[in-house]
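Next come two complexes, and both contain chain A; in the first it sits with chain B, in the second with chain C.
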Partner chain A sequence: MTTITEESAQIDETEKTTAPRRRRPATTLVVGLGIVVAIVLFGLVAPFFTQDPLAVSNDGMQGPSAAHLLGTTQTGQDVLAQLAHATRGSLMVGVIVAVLALLLSAFFGILGGYLGGWLDEVFSLFTNVVLILPGLPLMIVIGSYVEQRGLLLIAFVLAITSWAASARVLRSQTLSIRSRDYVHAARIAGEKPWRIISVEILPNLLPVMSSGFVFALITAILGEAGLSFIGLGVVGTQTWGSMLFYAQNGQALTLGGWWWFVPPGFMIAVLGGGLSLINFSIDAIINPRLRNAPANVRRVQKAEKEAGA
Partner chain B sequence: MHVLRKLGFYLVALWAAVTLNFFIPRALPGSPVDAVLSKLALRGPVDPATREAIEVMLGADDQGSLLQQYVQYLANLLGGDLGISVTYFPTPVSQVIGQSLPWTLVLVGVSTVITFLIGITLGTLAGWKRGTWLDSLIPATTIMQSVPYFWLALLFVYALSVNLGLFPISGGYDVTLVRPALDYPFVSNAMYYAFLPALTIVLSSLGGWLLGMRNMMVSTLSEDYILTAEAKGLHPRRIMLTYAARNAVLPSVSGFAISLGFVVSGSIVVESVFSYPGIGFTMLQSVQNNDYSLMQGLFLIITVSVLAANLAVDLLYGVIDPRTRARG
Partner chain C sequence: MTTLTATDLSKTYLLRSGLRFSRLQAVQEVSFELSPGRTLALVGQSGSGKSTIAKLLMQLERPTSGTLLLDGAPIGRRGRALADYRHEVQMVFQDPFASLNPYHSIGHHLLRPLLLHGRATARTAPGAAKELLERVNLPADDAFMERRPHELSGGQRQRVAIARALAPGPSVLVADEPVSMLDVSVRLGVLNLLARLQQEEDLAMLYITHDLATARHFSDEIMVMLRGRVIEHGPADEVILSPREEFTRRLLAAAPEPATNQRFLAEAQRRGVPMPDHLAHQEDLG
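Up next, the complex of A and B:
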């Protein structure tokens, strides 16, 4: 009796020491969320307070000053105002693409993985083919054939070239969940396939899907920036990529206008970094080995040191 | 069996790319003939004969059914006929591609290999020394990963070329000094011009390799066979390299497909920043000039190159991972 209570007491003790650590959110997650929230707020609120981003004036290529906090473009437009509107545009494209990509990857990945058979063969062949075809050249070809490039068209083009990687991940996860006992039990109990997918399988895929969503957001914003930078972006909407396109065409590099091309790229890099930090902590939640490994090694080192002393 | 399956997959992928290339122009609004005509119309009125001539030139005059056009298109492809470039009229598309392909192959190929080697080495070390200060480097590399290629290129051009004058602003070699030939002056000059584009590609794609390798190392190091190897008293370096790294590198190798697509896409935009005379820059010129046959030829070549590189890596995978051979 006593040994059992001693053991359970020990277990309680270890749980006490590890539990608060687990509940406290990782620093990477806090920093990442902070960055992303700040940029989203900037994109949502700032456009109401800035000057007209398209208003042309006579003071072109002016460095940062009190009147123009981030200087002006070659035609005298306010860079800060453009940046605010571009943030809104880029975020909008990113979110639409990420949602579309998530839906596509869930459809092909989960459905194929769950149903199996020839459907799975066809779906995964399709996924792998889309995965291997280089995205940007395809986007360039499609983008150059369409003269009226609206927001939805660009978002759709970006989405069909970026869903495949997470579909593959979702498929392999679904395959491993499908053969677990509780799914078998649900099937024997006579539950319908759509109910098994949405109630038994989908909740277990949420961490993987959220990581895929964040990744799709980064890819979409980077992809849109690349497409806009070569002049094939959304017509009439300002994004970070279109700012860089106009900066390069307006000779910002050779005229020394760093205030024009540094901010948009900086925003992309910082937002991407923030999203990666979020993804990083999601990864650590999904894969406990990644989370515990550094701490375990430290514990072993500490023990060795104590043993040596 | 394994090899046959792989070959079959790449054939399907190739067919998909070729078919996409055929259907995109026919499914989307806007025709190359109209684009060229509207350009000509800027200089003066265009008579119907010109329109017919352009239709013949661009191969848009065939009246057959879609299936007949498709068969004709496949036959042309097999014969290496990709049409005539409008930008470099009357040079055939295949010749234009032949001139620009070596530049991109060398630039992207060399910088990808360098990135892979550096990333795998650093990732192995970071995974091996997990729990030390090296872990704090990981967030830094993830931020590097999300820096747009072309923006990094712009920064380099601004800082190193425009302000300090250390490197050329654009181009693939100095036209006034050397001519393309396989001799020392040309190769050294071309390397000097390729340094900044290559540096951009290496820096912005390094993070992915490093992070992937590090995470796989951390997972692999907690496997039982690592513990056994340690218990046997094997040398730590031997455990790190032949026991952990060899197994941890496998996902990186098989993930080559995805990363190569990224690198190729990134290099297209990088080439446009440096006006580097490769495939990407040529593709952008074809976009600006509504040169549809050149654009589609380039899309096909890029896709075929990516497929070929992946096929090579897949065959190599069988050498690295004995399990794939045993199963087949």
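Up next, the complex of A and C:
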């Protein structure tokens, strides 16, 4: 037994001497992924075990107790059950929007950037027009005109107002990659344009696209929460924003019912933080210089302190 | 075998800065012929239009005027005819760090042209790729095929790029400064490899360089370019030994010669090393 522990201790030693430089950036990724995975699992699994989120009862505005772990709303609905269903709804909106925005930005950004010419001019003009569309006011206008605001409609409205920025990033990246020698080499080898885009260029855009996807996810969830909070959100599906809307309507703040509005707010903040952490580590993968930046800052601060003392 | 003839090739770029347009004449009325088994060296400074000629030959750019003939027939510009042209004419790029896709394995870079040009079927392609690797003196095994470009040295990458250019079985090869980005220690190896492959395949080769010494050593003819124009064109030794143009003489003089170093000369004299005549008098320069 002792020999085994000694061996494992030795292995730990050698790993420590070689690994720490590599591990440091991974901590942000691990923490970010941990948060996001936990919230996603909560949204997927918890709704099966909680009470009916819409079931009304007589004990309204009760604080956390054994019967209701996160208390009840004014009409006696279970907050935990609502939170579980709202998590599912918010994530669903976020993922649908992020996928739509990714497809739109990839189509307009990559295709325009690679093919160039008048098509690029038209696509760029369209992208710029959409880019300067004020997102929230547009959503309010569309949201208030449409009677039946389903999940897909809200997701669609959020998607068409949020793809333009990443389309511009993708276009400029494609322009840069298009003129690299390996793309010329692929043309000389006789590859077809669609294959050059999908096999030679697209893989090199993956880091940029994944960071765009994560960013779209954050904006979509925040945007939906904002829309729901002002009462223009999805009808019939619970989200974190709709929970906040009803909490505001039920005067949770003035009645001191913190258990009603803190959980959804907390979830929005934590999920945003987790996704941002993932985005930072993707950035560090794209730009290796960022990996050592925190350590460098610390080194400079230490040197300054020593110089001051 | 195949001869590629360029006649009065010109390329003018339209430059736009704001609302003003200006013209850049990158290449002006350049004519030459690439014939089997012979190497034409294209020499000139940066910006003299050497790489533009490579792009025109590879149909990455369209010439503004002039004609390109492959075996006397106008070259194909699109579709099936363009594929046939690519089958005959291939290129090795200057920078081996940029010419291989960082995302793909070495195998991908060799298998794609083999398959695209019908040189192998999906089943025989790996074997054919290994044969190519062997021909450029690289380890021909599965482990090497699976490696990514960033795991290779500059010289190895350039050998992969050469293997890729040979994959379609071309008869004309354009080498755009194939060794200028490589370590001095591996340059000769890559150049010797190109020379050997040229002999084996009876390739017509365009060797673009700014190094007159290697141009003389590896090519039959030398063409000197200055600001888009060819100012001197002739057999390699003739251009080097009796240059007609002032610019060519300046290019020759620009190459550092160790023998003009006074310390070197003094040391050589002390040891009694015999000196060529034209150097023996340089002591007077003091």
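Convention: the second predicted complex is superposed on the first by the 267 of 309 C-alpha atoms of A that agree within 3 Å, B and C clash if a C-alpha of one lies under 4 Å from a C-alpha of the other, contacts with A are read in each partner's own complex, and residues count from 1 in each chain.
Rule of thumb we're sticking to: a residue touches a chain if its C-beta (ideal position, glycine included) is under 8 Å from a C-beta of that chain, and two chains touch if they have at least 3 such contacts.
Computed from a prediction, not measured in an experiment: that's the story for all the values here.
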Going by the contact rule set out at the top, does A:128 touch chain B (first), chain C (second), both, or neither? first
According to the stated criteria, A:253 is in contact with first (chain B), second (chain C), both, or neither; which is it? first
- request: Name the contact category of A:190: first (chain B only), second (chain C only), both, or neither.
  value: second
Does the superposition put A:262 against chain B (first), chain C (second), both, or neither?
first
Between chain B and chain C, more residues of chain A are touched by B
I'd like to know which partner A:295 touches here: chain B for first, chain C for second, both or neither. first
Counting only contacts in the complex, chain C reaches chain A at residues 58, 60, 82-83, 86-87, 90-91, 93-95, 98-104, 112-113, 116-117, 161, 164, 167-168
Given the complex, residues on chain A that touch chain C span 180-182, 184-191, 199-200, 203-204
Given the complex, residues on chain A that touch chain B span 28, 125, 128-129, 131-138, 140-142, 144-147, 165, 218, 222-223, 225-226, 229-232, 244, 247-248, 253-254, 256, 258, 261-262, 264-265, 268-273, 275-277, 280, 283, 287, 289-290, 293-298, 301
Touching chain A in the complex, chain B uses residues 9, 12-13, 16-17, 20-21, 24-25, 28-30, 130-131, 135, 138-139, 142-143, 145-152, 154-155, 157-158, 162-163, 169, 215, 218-219, 221-222, 257-258, 260-261, 264-266, 268-269, 272-273, 283-284, 287-288, 290, 292, 295-296, 298-299, 302-303, 306-307, 310
